[in-house]
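Supplied in structure tokens, the structure appears directly below.
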Amino acid sequence: MASLPALRLLKRALLADHLVLWLCLVYSAALAPFTPGFASWGNLQTILAYAMPILVVSVGLTLVLIVGGIDLSVTSIVALASVVGGKVMSADEGWLAGHALAVPAGLLAMLSVSAGLGAINGLAVTACRIPPFIATLTTMMLVSGLAIWLTLSRKIGGLPPGFVRLGQELWLAGMTAGVTTWLAHLALSCTLYGKWLYAIGHNARAASVSGVPVARVTFFTYVVSGWFAGLAAILFTAGLETGNPEMARDNLLDVVGAVVIGGTSLYGGRGRVSGTVFGVLFLALVDNSLNLLGLTFYTITMVKGGAILAAALTDALRNRLLTQE
Amino acid sequence: MTSPIASHLGLRVLHQASLLLFAVVLVVFGMLSPAFLQTSNMVNILIQTSSTGILAVGMTFVLLTAGVDLSVGAIMFVAAAVGGKLILGGWAFGGVLAIMLGIGVLFGALNALFITRLAIMAFVVTLATRYFGRGLGLRITETRAMNLPESFYELGAARLLGVPVPVLIFAGVVLLAHLALTRTPFGRQVYAVGTDVEAARKAGINTGAVRFSVYAICGLCAAAAGIVALSQAPAVSPSFGNNREFMAIAAAVLGGTSLFGGRGAVFPGTVLGAVLIQTIENGLNVLNVNPYLYPLITSGVIFVAVLLDAIRSRVLAQANRRRIYTVAQPD
Amino acid sequence: MIEFAHIEKSFFGVNVLKDVSLAVKPGQTVGLVGENGAGKSTLMNILGGNVRADAGEMRLDGQPYAPDSPRDAERAGIAFIHQELNLFSTLSIAENLFIGGFPRSRSWLPFINRRQMLQRTRSLLAEVNLPHAPDTLIERLSAGERQLVEIAKALALDARLIILDEPTTSLTARETERLFAILARLRARGLSLIYISHSLDHVLRLCDQIVVLRDGAVVANEPAVRFAMDRLVSLMVGREITQLFPPRAARPTKEVVLDVRDVAQPGIVRGIAFQLCRGEVLGLSGLMGAGRSELARILFGLDPCAAGDIRLEGESIRHLPASERIERGLAFLTEDRRAEGLCPEASIADNVTLVALPRLLRSWLGWLDRPRVAAEVRRMREAVKLTPTARDGQPVKTLSGGNQQKVVLAKWLLQEPKVFLLDEPTRGIDVGARYEVYRLIRQLAARGTGVLLISSEVEELLGMCDRILVMRGGAIRDTIEPHEFDRERILRAALHHGGLA
Amino acid sequence: MKPLRRHPHSVLHPDPSRAAGPARLAARLTASLLIAACVVGCNKSDSTSPAGEEPAGKQLTVGVNFETLQTEYWVAGFEAIKAELKGRNIRIVESIADGDSNRQLQQVRTFVTRKVDGIILVPKDAKTCIPAIKAANEAGIPIVLFNRPAAEAQGVRSIAVVADNRKLTRETVEFMIGEARKTGKQHKGLVIVGDLGDINAIGRREGFYDAVKGQEAVVNVVAEVPSEWNQEKARSGVVNALQAHPDISFIFSSSDFLFPSVVAALKSANKYHKLGELGHVILGGFDGDATAYQMLVDGYLDATGVQDVYFEAERSVQALLDRLAGKEVPSLIRDPGFVIHQGNLEAKRERMWGAQVGRK
């Protein structure tokens, strides 16, 4: 049966290590001739600028999924951090308006608030032992409500130019996202923390018997996830030059979708940062190309659903092939 | 060490934690506004719970098998969009309702097909169908709000023996679901599958069929919830049913349903959870609270409920821990 | 009653069953023994309808029998009681008995006839001597009681043949006796049994006929009276094992390494006091539920300790968390390998290094020293003689039970523990792997580690230990020195001079 | 004899630590390429050829981006702009941001990539659209903001064609208060606010409070119902408020599209009566959609604030063409809008988009 060369090729493709990356490349190659402006530097920039902040959120979520949890509050943390940043830095209404230290203080505030919110999630999950899904669902509602309440729905403009540069100059944003993603990758593959993360995701009880400080590592992971959301908030906020209480409001399922397409398991213990990178890239490519093709956004929504399903199907097929062999 | 009597009392209180919280919410709102505790307002709360409640009942089936369905809001939307189109196209009301329910089942079956046959995680499948459904619904409605004729409004306003029809539908769904879960072989098998799929398969249960059914039921409930929602506000807007899945899950979890499967009940559990959420919303309306505080208060109460539940299961686990010796056995 | 004729089965090109033929007569109890991987489970899965044979046939009462599902097998009157019980903890006893087919009230209504169900449950529970109400939830029953529910379930199906796979592993001695009494009654009623177990004394005691499988083929099929323990073992292993326990290399020292002083936890254990010396193998005997595992968990820091003191090399560790006790040299092999011992989906390498990783870092940042990690994995694999065909990156769930246990041992040995708590280290593993485990224990002791060996098998304790403690009701009831070693004395202390039921 | 062994490499999940060399290398290369691309790419941003030069004789292409099409109002605006462009033989590229400002930014950049000649944008809000406008400015593409203005920002050029939500709402509510005053008694008032994340919803909420401020003798606002632009929430909110205050007799809805919910709630409380009938609740709204038009015609609705969609569409396209032709165009074009009520229904219905849509 497998003697047909085409079939064998398909099988090998399915088992390839970076399937999603190849998918991205094939997809791009296939669409480029038909899509005006798709294969251009400008468009690549557009895609990257769009994908960068989402990537940072997704990487944080990847860690949480590997440890066997889930964090539904990441995008609302982005919103609140964005608001806090605006409140600190804005020339119009910021507490430190015009101050020389406004930008560093704003960055610090954004990152620490988001890490703090991550800590609340972490406490709810580890100390209170609330299932992560419901714990972070609650904080999602709370945090986004808080962001809107703090600003009374207003967007905060007048952000200092030094801060805005972070989002305007793509290389700065690219460096920030790239470096943190790379760090997360290294942490997962080369450090004790990474090994512990996978072990807890595989079997938290066995890990705890083996002396892994399960509660501490899990807690820390939620903090990191919150921190990544804060970092993403910096990119989002600088990119849109606005502290916005509904920043990233509709991105939650995009983020989860991208991570899952990247091959991270919702059951914990399985997943890679590189997969998430390609998952984010894939969704961004789909979104961008369909936009360029002038398709209506509901068609794009449907195609995205199809893409997620297709990715999951491929993953299932691949696992079946692996166990059959 | 606390005395056994005190800990026993504490246990009994914790057992009824969600009921207690519910009572606290009622008393607080009642004290702040006399209008709140009027019978007519209680009826209002029930009417307003109906839609989310039905959705949560369907969700309970899925959660009991350790699955999840993120697409219910989208199913509601598609069913309502198609139903709206048909009824504006002059179709008979009864026929439209039947078709809407059919769409719900169909969508649920689609979810089920991917989840049971192709063994993809429910979270991912229903996330994908959620996108798909919302896109499809927007396509059908051409992204604009659709106002529906009187028939839906009449359904919502009608009363049978003095009981509003939406409440009757809700009660009917709850009764059927409760009987199905507690009194039929299928219901008990749902619990079995949720506790341990592999064991259920070995026990000769057709696990595929059971899991298939729960998603179909969930789809059916979603469509029914859509109908009840339309009877409340006879219009399909592009945000119809958006993010309802989270409310439904929250209601089921507040009612004591475990996200890990095998534990939970439609009655009183899920019903209580759904009513609690709606009661908060209603009370805030009645008290004319600043709209910015709504999400903060609602999520605060949910958090307390969830926390109480977590404490309860911890205390229970401790109390149920096997004792090796008792004081009565001096040896 | 049931006949297997020339059954063949292979998985992924590996022959698991080779021309297996055997028969079970009505009312007969057949013991099925063999090392892990000998093909027992596959054969029984074919009989139970979980797997189909590649070749050969089965005959039930002379009729060809080829079940497609467990349901088919049940309809034919064959019930399979798995080692991991198939009960649903959140359902009641009655519901568990009838989960596969509830009695209906009326044919056109889908409702369960509860009255009939409860009534039948009551009579079935009476048959297995279980005095619980039919609507008791399974989660409130002990392991032994659950086993009895499983048997009642088989009876509810009107089974004529019951397959029991390792039914006694999680039972206390008293519960085992109770089970055997019920099995005897069932036999008297004409039921056939197939009994699979590593506890050879149980097999010898219970069965009429014993079939020995080795590498997928039947190597002996004779009446039980023709077997003796050592013959069974050598048939299973395929070579003579002259000595089941490896020889002692060194004597224990008098240097105390673990000092337990009046440890107590209300409701669990009380007044626990003993000393463990360097190089000593201290046995901990007692019935299941006597508090042995609980004591080990308290010593290791997984469960709280209300009173008393635990000293490791003279320093109190009572208030330290498990992770710090590990750092100070404590190790703990738990009884539940799958739930607490291993990360089944993770690789061999990751499992082996899990405990020792903090010592294999290159810098304080948590950077792993990969070459060293790989070297340590290699060293430990050799030390525990892990099967050489497995790759380091292979998930441990694909290994046999014995090899999995070796991985757990390797994980702790890498830490070079000063005190090793072993809770049922040989449960559910085959004879060859058992010997390896014993050898490793000896080696540890010889290197000066203090070993606390918890076991339900008295033979194992007698063969391995320098001293044996006996627990009952959460307290230590007897301490037995080598010159007093005696099966009966241990059992008497464990049962409180009641003797066996 | 040993049984056949499975090939050790193919059995299980790919092991990251010993993944096949070439695949891994390729993956790393691509990843670094992408990062490099973005670093190089941004320096090139100036070099994207400006598309602003006069396209003599060539068919023009205009990108139309709407933040949302969630309400009929936006659909009507969208249709009006498209009709306007088609009438002038201009090609249209469209995209909808679905309420996501980040996506909107990407979509505008996509327009720039496609080298459109002009952009008509309905921004998500005043501030988050600034980077999008900058992107268009940099590429030299004129950009018109439809219905929503951008916040003041240095060096950012755009043309905005807008109605003032706050002002128009204030006028509408002031008209309602006038009607209320005529009854000679004090009314209890209710306001339905929209999604608290939506800038227009906030503008209307503020307009409402501007108008009722100091008018407590006529209208005492006893209930504020948040709707999140959700019809079911709006209905239950009104029902609940009526529970607390059964004598509410003055309701302003921040959007006409919530009227079906308001009507349903009033009907169930038996309070839905025509103007002049006993127990009439003074009703007002905003947008001027088909439902509102029908309610006006049927005599249930007192007033609604109408934004002049056709005016805005025509002016937007004209402004774009003028700018392309090198003419001077003011940066803010006001749509005065108007309050439509029973008194001016006949005169104004031609400019009420809901009346036109309803007639179709």
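Note that the chains are named A, B, C and D in the order they appear, and that numbering of residues resets to 1 at the start of each chain.
We take it that contacts are C-beta pairs under 8 Å (C-beta built on N, C-alpha and C of every residue); 3 or more make two chains touch, one makes a residue touch a chain.
Remember, it's a predicted structure, so these values are computed and weren't measured experimentally.
K.L.:
Starting at chain A, how many touch steps does it take at minimum to reach chain B?
P.N.:
Minimal hop count between chain A and chain B: 1.
K.L.:
When the contacting C-beta pairs are counted for B-C and for A-D, which pair yields the higher total?
P.N.:
It is A-D, judged by the count of C-beta pairs in contact.
K.L.:
Could you state the distance in Å from the CA-based centre of chain B to that of chain C?
P.N.:
Those two chain centres are 42 Å apart.
K.L.:
Measuring centre to centre with CA averages, how many angstrom lie between chain C and chain D?
P.N.:
Between these chains, centre-to-centre, one finds 67 Å.
K.L.:
Centroid from C-alpha atoms only, then distance chain A to chain D, rounded to Å. What do you get?
P.N.:
Here the centre of chain D sits 28 Å away from the centre of chain A.
K.L.:
With centres defined as the mean C-alpha position, give me the chain B-chain D separation in Å.
P.N.:
The computed centroid separation for chain B versus chain D comes out at 32 Å.
K.L.:
Among all residues of chain D, which ones touch two or more of the remaining chains?
P.N.:
Answer for chain D, listing residues that touch two or more other chains: 6, 11-13, 96, 196.
K.L.:
Considering chain B alone, which of its residues make contact with at least two other chains?
P.N.:
Chain B, residues with two or more chain partners: 143, 292, 294.
K.L.:
Going by the touch rule set out above, which residues of chain A reach two or more other chains?
P.N.:
In chain A, residues 148, 152, 296-297, 301, 325 touch at least two other chains, as defined above.
K.L.:
If we count contacts the way the header does, which residues on chain A are in touch with chain D in the complex?
P.N.:
It is residues 15-18, 21, 25, 36-37, 40-50, 53, 148, 152-157, 167-171, 174-175, 178, 189, 236, 239-242, 244-251, 272, 274, 277, 281, 287-288, 291-292, 294, 296-297, 301, 322, 325 of chain A that touch chain D.
K.L.:
Tell me, which parts of chain A touch chain C in their complex?
P.N.:
Residues in contact with chain C: 187, 190-193, 195-196, 198-199, 202-203, 205-213, 269-270, 325.
K.L.:
Can you list the chain C residues touching chain A in their complex?
P.N.:
Of all residues in chain C, those touching chain A are 12, 300, 302, 321-323, 326-327, 332, 334, 339-346, 350, 353-355, 357-358, 361, 365-368, 370, 411.
K.L.:
Per the contact definition, I'd like the list of chain A residues that touch chain B in the complex.
P.N.:
The touching residues are 124, 128-131, 133-135, 137-139, 141-142, 144-146, 148-149, 152, 253, 256-257, 260, 265-267, 296-306, 308-309, 312-313, 315-316.
K.L.:
Where on chain B does chain D make contact in their complex?
P.N.:
So the residues of chain B touching chain D come out as 33, 35-36, 38, 40-41, 44, 47-48, 51, 142-145, 147-148, 153, 156-157, 229, 232-235, 237-240, 242, 278, 281-282, 285-288, 290-292, 294.
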